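Data first, discussion second: the structure below is written as structure tokens.
Labels A, B, C and D are assigned to the chains in the order they are written; within every chain, residues are numbered from 1.
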């Protein structure tokens, strides 16, 4: 069975380590915050200028001046710091964020990522995504393995304009956990009950499959 | 005004000298920390053919979105736009130009503009449409593109508190792009929620020193929320 | 240490991993805001052939000057040096190398290093010995030189207060180069006068967010004054 | 009579305007702060990270953490702000300081300045001087017109390594107030009782002398 959005977030969350500073993109990545493993502390960085993002506010706490990068009202966690956008991206560009999680339209075997622009549709912009993929060493892309029409999103070469070149090493899809090395996809884990055959059918780029591909553990 | 007193009494005074065709840097992220009243005053003045450098362009009827109504904006330099229909219409009709700039690059371009740095290198955007036509240089085996700095004829800024010398403090995440905009305007105008006497702000905790600020005006703010997300207590 | 608790108990732990030949960035301006005890610990460790990036090199018997006594410093990257005799002797004897860097360029090089910017352009030093051999580019009719960023294997920093997460506040002008050094060390070690619990420092007034800080240690400080100037009350 | 150090500072102070942010170098420039004209407010910027430098502290106020760029203990004036060296030089490099006053060994008709290095002597460094001369639009150099040995410091071409190229427009010496335009010195004022002849004798670079050269007024 393909993973649900929640399971996707849960699998990504397993890649976190105690003491990690983490930037979570909009959509499924945001859900990752709900699955931080017990006994582990992580701090969320929001690129509009908040390190230590807390939960949504209560009605009483609601404050228009306290938002996250998704423009949602949030709170500051204990030990948070707040700063300018320049300082925020100094952190990001300088490689100080330990883990970045974001969505994508396409990823290819060279680690290229396309996530912000579909020609012919209205281009709304890249926001902070280009800075995030260029700045982070440890990035997890999370997306469905194939589009609604069944087209693979794991390609030999991205067809859409890139968000970043050669920067992606890990992908969690609804079917598999994949690493990128030596210009190939490497199948590391499969979603519970999903066959290697199905994964290969839905992967357009070259994929290395080891003898044994364990199922994800939750 | 004499000495270091930057306080002006009217929005008309605050934006005196703003003319058609100028470049304006605006603070704010989404609708958070935007200079609401200064934007409204630009609408009232009817200044046209403006280039705005701002992370976003507001929404229909609020923030920079109101300046689309009378087509006062010629060009936007932003990282994310199109949260409103009017924007989309004018863009598709070719009445509005957009220069999409990665958010961190945009922040750094303004910071560099204020800091006398004409250009810098960044890996952001290399190998993407953003990097096209830009100079590429390799440092330590990695490729970077050259980005030039941005300055404006005016900067419009929203802060929380100012002293009369123009020293500023921002509130929570309403800080965002405001400090950089403040440094990079030829004339920097700031609207604030409270004006205090010099000496009331701790020198070590001033976010924007008054040297960057030309005019300060006291305003009242709607502070519209774009994504109202709450939890039950 | 677990989670975000960066506090270490001994100066030995604070500088664990420092090895011969490394580059160390040090905060401070003159003797103000220098990491006195971390410097002393480097002396105790006897680490050699170090490159120091620091605006100054202390004085005879205090600050980085003490590391000259056993010839632990191979090279200084500074804007102003030679406030002590030992420095002069070793420089003239060819035992010490100095790379003089304009003060603002030095600050910006460290800031750029921490911010992932490999190089930037500045007018500072164009047409002077500092500009020799550096790439020149013209922007808006003026010539600028390219300066590359600086990072270090270690950064040693002095702050006033830290919380256990490593969020820092500096005291008065003891801030100086410390915030930039803090961002640009592979391992950043901070000695402070007071350690508080997370939440005790106002998030809006933290000078250096804890994300840049690896280790925090509580110290006591002599704070020697270089130029004691007073007026009668 | 050649100006005293105090008179030099006093003449420079006349170039200030109400509301000016001013950076004063070490030596005679520092004295300029004592002659701010009555009714005028200026704010002193100290490049180690202080905008709004106040007077020296009393014994009771003395604080090792509060110094100026000359490493002297100082106080913060009302309305001061304190910041990092990077922020301080962002101000300076970005042209936000209205007036910079500094000393020099030599200035030439092209506006070049040499002030930090005498080959053969120990080179201590340029500190912030190169940033200050590159960043400021409005710079006043203050120095003696000639060396102790009688050698002119106003040259056709600087002989010492430069601190900055083409950046100086105004010079106040103990003999004259001079502007630099079109690669020439222009004599604007002379010190009380000093003849144009003496000034010309002590000026090596080409100098334009108008018919009437007024004396400085104090």
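What we mean here is this: contacts are C-beta pairs under 8 Å (C-beta built on N, C-alpha and C of every residue); 3 or more make two chains touch, one makes a residue touch a chain.
Every value quoted in this text rests on a predicted model; they were computed, and no experiment measured them.
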If you tally contacting C-beta pairs, which pair wins, A-B or B-D?
A-B
For chain A paired with chain B, centre-to-centre distance based on mean C-alpha positions, whole Å:
29
The distance between the C-alpha centres of chain A and chain C, rounded to whole Å, is 35
Distance in whole angstrom between the CA centres of chain A and chain D is 55
Residue numbers in chain C touching 2 or more other chains?
108, 111, 115-117, 122-123, 171-172, 175, 203-204, 207
Of all the residues in chain A, which ones touch at least 2 other chains?
76, 82-83, 89-90, 92-93, 134-135
Chain contact topology under the given definition, line, ring, star, complete or other?
other
One finds touching chains in the pairs A-B, A-C, B-C, B-D, C-D
Under the touch definition given earlier, write down the residues of chain C that touch chain D in their complex.
29-33, 55, 78-83, 88, 91-92, 98, 100, 102-108, 110-111, 122-130, 160, 171-180, 207, 223-233
If you look only at chain A, which of its residues touch chain C in the complex?
18-19, 21, 40-41, 43, 45, 51-52, 76, 78-83, 87, 89-97, 134-135
Residues of chain C touching chain B in the complex:
108, 112, 115-123, 137, 139-140, 142, 144, 148, 169-172, 175, 202-205, 207
Contacts from chain B onto chain D in the complex sit at residues 2-4, 111, 113-117, 163, 165, 167, 183, 198-199, 203-204, 206, 209-212
For the complex, give me every residue of chain A touching chain B.
46-50, 55-60, 62-68, 70-74, 76, 82-86, 88-90, 92-93, 112, 117, 122-131, 134-135, 161-166
